[in-house]
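What follows is a set of notes on a single structure, which appears directly below.
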Amino acid sequence: MAFLEVSILPVGTGSSSISSYIKGAINEIEEEGLKYTITPTSIVIEGDIDTLLEISKKLHKKSLERTNRVVINIQIDDRTDKTVTIDRLVETARM
Amino acid sequence: MAFLEVSILPVGTGSSSISSYIKGAINEIEEEGLKYTITPTSIVIEGDIDTLLEISKKLHKKSLERTNRVVINIQIDDRTDKTVTIDRLVETARM
Amino acid sequence: MAFLEVSILPVGTGSSSISSYIKGAINEIEEEGLKYTITPTSIVIEGDIDTLLEISKKLHKKSLERTNRVVINIQIDDRTDKTVTIDRLVETARM
Amino acid sequence: MAFLEVSILPVGTGSSSISSYIKGAINEIEEEGLKYTITPTSIVIEGDIDTLLEISKKLHKKSLERTNRVVINIQIDDRTDKTVTIDRLVETARM
């Protein structure tokens, strides 16, 4: 199970707000039925690497339908020695 | 109010686990009395830029006390046109 | 034309060096005949988004053949209003 | 010796170009006499952690003088077992 943390930054819009881009991304992720969580600075999605990069492509293309330029930051954390879930990761950090 | 998202990656330890580094960071952040939230891939801290970079330095130096090499990823999101809090950001994304 | 900046961090290898992972990535990128440049902290690859995410998947899977856990950081910068190249971007910043 | 990779993204400026922000950052870095290199997606600066976080603060504050919101991405790579320079890192990756 891999985790993909994604933040989407439209460049060149006339607004300081990016929440509509975040909401658009959440709609796409929910349409795919993926497990995710929202953080103050990104969205973290759970899945295998193929699925995660596929949704990244979709979010990227959707953003470019609305702005001339977009910068997307992605962090992928993947391990083969243990199965971990989004909830489990946050719990472990709190123990 | 700025937000700093930080992930700490020790390089060269013999373990795939980094949770002890995350817990160490949380202790430091709590010692400073800062407001934070844990995500599956990072810690997000709220504060002014001086405070946020000061705690980043502390987390960095603490990590290097335990490993020969560390890679720290930081995203700072700061705006002057509106006051936002960690909780408010997550709420807005969910609306 | 999009740009993908990728850094590959194996976790738990017991060695502070990651250069063999970087060299492995460069071999993969060259096999695909993609235009790239090496920076002190990452590799920047030029291409369309489909190609860039495809090579990211390959680099990710190759890394996990050698270590139990890997964290990959990606920044994608893409714009539709102008065609830019790796060389042009660096030149513009220097003018 | 640590390396700090920084990318500066103004949000809501109405322009897809960020080169003036990159040039402004380069002027600040040169004023401090720091060694740096420009990549297609960021600036990489060499120095000790205190100096690197100090210049990050300066770049952050300078950016907010010109836009209501800025997102700054930073990757710090630091090791105590070996002294490495910007040039040496790129050379090693090419060998």
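For clarity, chains are labelled A, B, C and D in written order, and residue numbers in each chain start from 1.
Definition applied: a contact is a pair of C-beta atoms (placed from the backbone, for glycine too) under 8 Å apart; a residue touches a chain by one contact, two chains touch by 3 or more.
Remember, it's a predicted structure, so these values are computed and weren't measured experimentally.
Contact count check for B-C and B-D (C-beta pairs in contact): higher for B-D. Chain centres here are means of the Cα atoms, and by that rule the chain farthest away from chain D is A. Chain B and chain C have centres, each the mean of its CA atoms, that are 25 Å apart.
Computed centre separation for the pair chain B/chain D is 19 angstrom, with centres defined by C-alpha atoms.
Multi-chain contact residues of chain B (touching two or more other chains): 7, 11, 16, 68-69, 71, 73, 75, 77, 79, 81. Taken pairwise by the contact criterion, the protein chains are fully connected, each one touching every other.
Those residues of chain A whose C-beta lies close enough to touch chain B in the complex are 3, 5, 7, 16, 19, 22-23, 26, 37-44, 46, 73, 75, 77, 79, 81-82, 86, 89-90, 92-95. The residues of chain A lying in touch with chain D in their complex are 7, 9-18, 67-69, 71, 73. Contacts from chain A toward chain C in the complex involve residues 11, 49-50, 53, 56-57, 60-61, 64, 68-81.
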